[in-house]
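Naming follows writing order (A, B and C), and every chain is counted from residue 1.
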Amino acid sequence: MDMLYLIDILGTIAFTISGALVAINKRMDAFGVFIIASVTAVGGGTLRDVLIGSTPVVWMQDMTYIYLIVISTIFAIIARSKIDFFRTSLFLFDTIGIGLYTLIGVEKGVTAGLHPIICIALGVMSACFGGVIRDILCNEIPVLFRKEIYAIPCLLGGVTYFVLELFPIPDNLVFLVSGGIVIVTRLLAVKFHIALPIIAPKS
Amino acid sequence: MDMLYLIDILGTIAFTISGALVAINKRMDAFGVFIIASVTAVGGGTLRDVLIGSTPVVWMQDMTYIYLIVISTIFAIIARSKIDFFRTSLFLFDTIGIGLYTLIGVEKGVTAGLHPIICIALGVMSACFGGVIRDILCNEIPVLFRKEIYAIPCLLGGVTYFVLELFPIPDNLVFLVSGGIVIVTRLLAVKFHIALPIIAPKS
Amino acid sequence: MDMLYLIDILGTIAFTISGALVAINKRMDAFGVFIIASVTAVGGGTLRDVLIGSTPVVWMQDMTYIYLIVISTIFAIIARSKIDFFRTSLFLFDTIGIGLYTLIGVEKGVTAGLHPIICIALGVMSACFGGVIRDILCNEIPVLFRKEIYAIPCLLGGVTYFVLELFPIPDNLVFLVSGGIVIVTRLLAVKFHIALPIIAPKS
């Protein structure tokens, strides 16, 4: 099992658990918790695959995702009172997850022969839109649009990828650096409470 | 006209009317009622077709669905004050409808060569996600995630299908028994007020 | 640059600005404003393309849309206090936009060999569903379902298109007249406060 796949697995677990926790707080039943957890984990990639026409979508072709989601959801339900214990690890997985999901989205766009700006958009979508669909299903205005600094690190990582691609740098290094940019900028943004300005109506 | 097609028609009618009634209760205009009714009737199948890449989606290729939806919506609007009269018949159609929609979804997955677990997921999606999209459009947390016992009967029906497929049983009998499981378990769950446990946050 | 393309551009600008203004009123951050503006501009066409299987969706293949959306969003954010100034022009662009978007949707359906009723539905979807997705993301019941007279002009324009197609009329004239019907009926409906009746529950 290679490094990327391992991180993908950790990312899926982290996204599943974070989705399950949101659903539990909304007092959903076991089925609702499972669906919200699934959507958080694979919603962004599913939207991406549908928009570029890469179907059947990825989780229909590799059962690993389903098994991970089922086990992680059950774990989240059982351990829900003690989950604060894991909060730091979860946040770390989640951050590593968006770094990797961004790269996977960008790569999918490159493979489909799309423009770099579209590829970056696909990267952001892969990493961030699972959470958007989760919030819509939970009847909330997506947190991504109000105060999260999820999207900007992904954007920066995507731009880094294409800047590095201009130079004769080995692919693995490009992945490492641009994924690293996502992770480091997100960690810094959270640590120093950096957020995008709210655009308030002026009168 | 064969039996399956007839039940499909009854299911579409029942889903359309139930969607229209929800929209009427939200005080939508005639156009909104029509859209919500349509989405309830074909939303689950549309999502399924899009995710597996079976496009144009099914209601674009057989006009029967459109005609049924238009007529059933007009009927629901006109008869809205007397619809309690039909409530039992509606519930029965609806229950038969989810039984059949589950089978259609499972079959679509099998035809696309997907894993049994994915096929069952497609069955549940076909039967239940029209209602989920309806609730999102109506700005509600989907009732499916909180108290419905819609999804579990579909799940059981899908599992039954694949268990029976292991034996040398004729296709028609497999359909009949697994569709019947959906219908009977749903009727029993409603009669005896069986629901999934709400997963409440623990502190 | 031909006439249709110019109007398409004006329509995209108008939809983007109207979406951005809604997001600003919801006090979203800069990223949220950009996403809501994008979705309002291209959401209807994206849904249409996904449902008929025309992927990658159109804005992934012509970068003009992205550039227009970025510039228009920045303009809307900067000029938000003075935007009342442009309200009449915006409304006009928007109305011309739905006229053209309707035609584009209808044409896409015809090219895909779909039934006229489906083509008209695709026209309405192209013109109106960007606003529906915008409202869902903003956690509102879509205004289209409650009081807008957006959909009916598009429907009339689509019907006009297919009626004219029965006669030996040049394509350009068919476009002009059916697009004109959308625009004129919408202007009249707004001027004379014509709306569809709300379907209230009867007891």
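Methods note: contacts are C-beta pairs under 8 Å (C-beta built on N, C-alpha and C of every residue); 3 or more make two chains touch, one makes a residue touch a chain.
Note that the structure is predicted; figures quoted are calculated from it, not measured.
Colleague: Taking shared residue numbers divided by all residue numbers at the interface, is the value for subunit A and subunit C over half (same) or under half (different)?
Modeller: different
Colleague: Superposing the C-alpha atoms of subunit B on subunit C takes a rotation of how many degrees, nearest 5?
Modeller: 120
Colleague: Indicate the whole-number Å distance between the mean C-alpha point of subunit A and the mean C-alpha point of subunit C.
Modeller: 30
Colleague: Two or more other chains touching the same residue: where does that happen in subunit B?
Modeller: Residues 50, 53, 136, 139 of subunit B touch two or more partner chains.
Colleague: What does subunit C use to touch subunit A in their complex?
Modeller: Counting only subunit C, the residues touching subunit A are 23-33, 35-36, 46, 50, 53, 55-57, 60-61, 63, 66, 77, 80-81, 136-139.
Colleague: Using the touch rule from the top, collect the residues of subunit C that touch subunit B in their complex.
Modeller: Interface residues on the subunit C side: 50-53, 112, 114-115, 117-118, 121, 132, 136, 139-142, 144-147, 151-152, 195-203.
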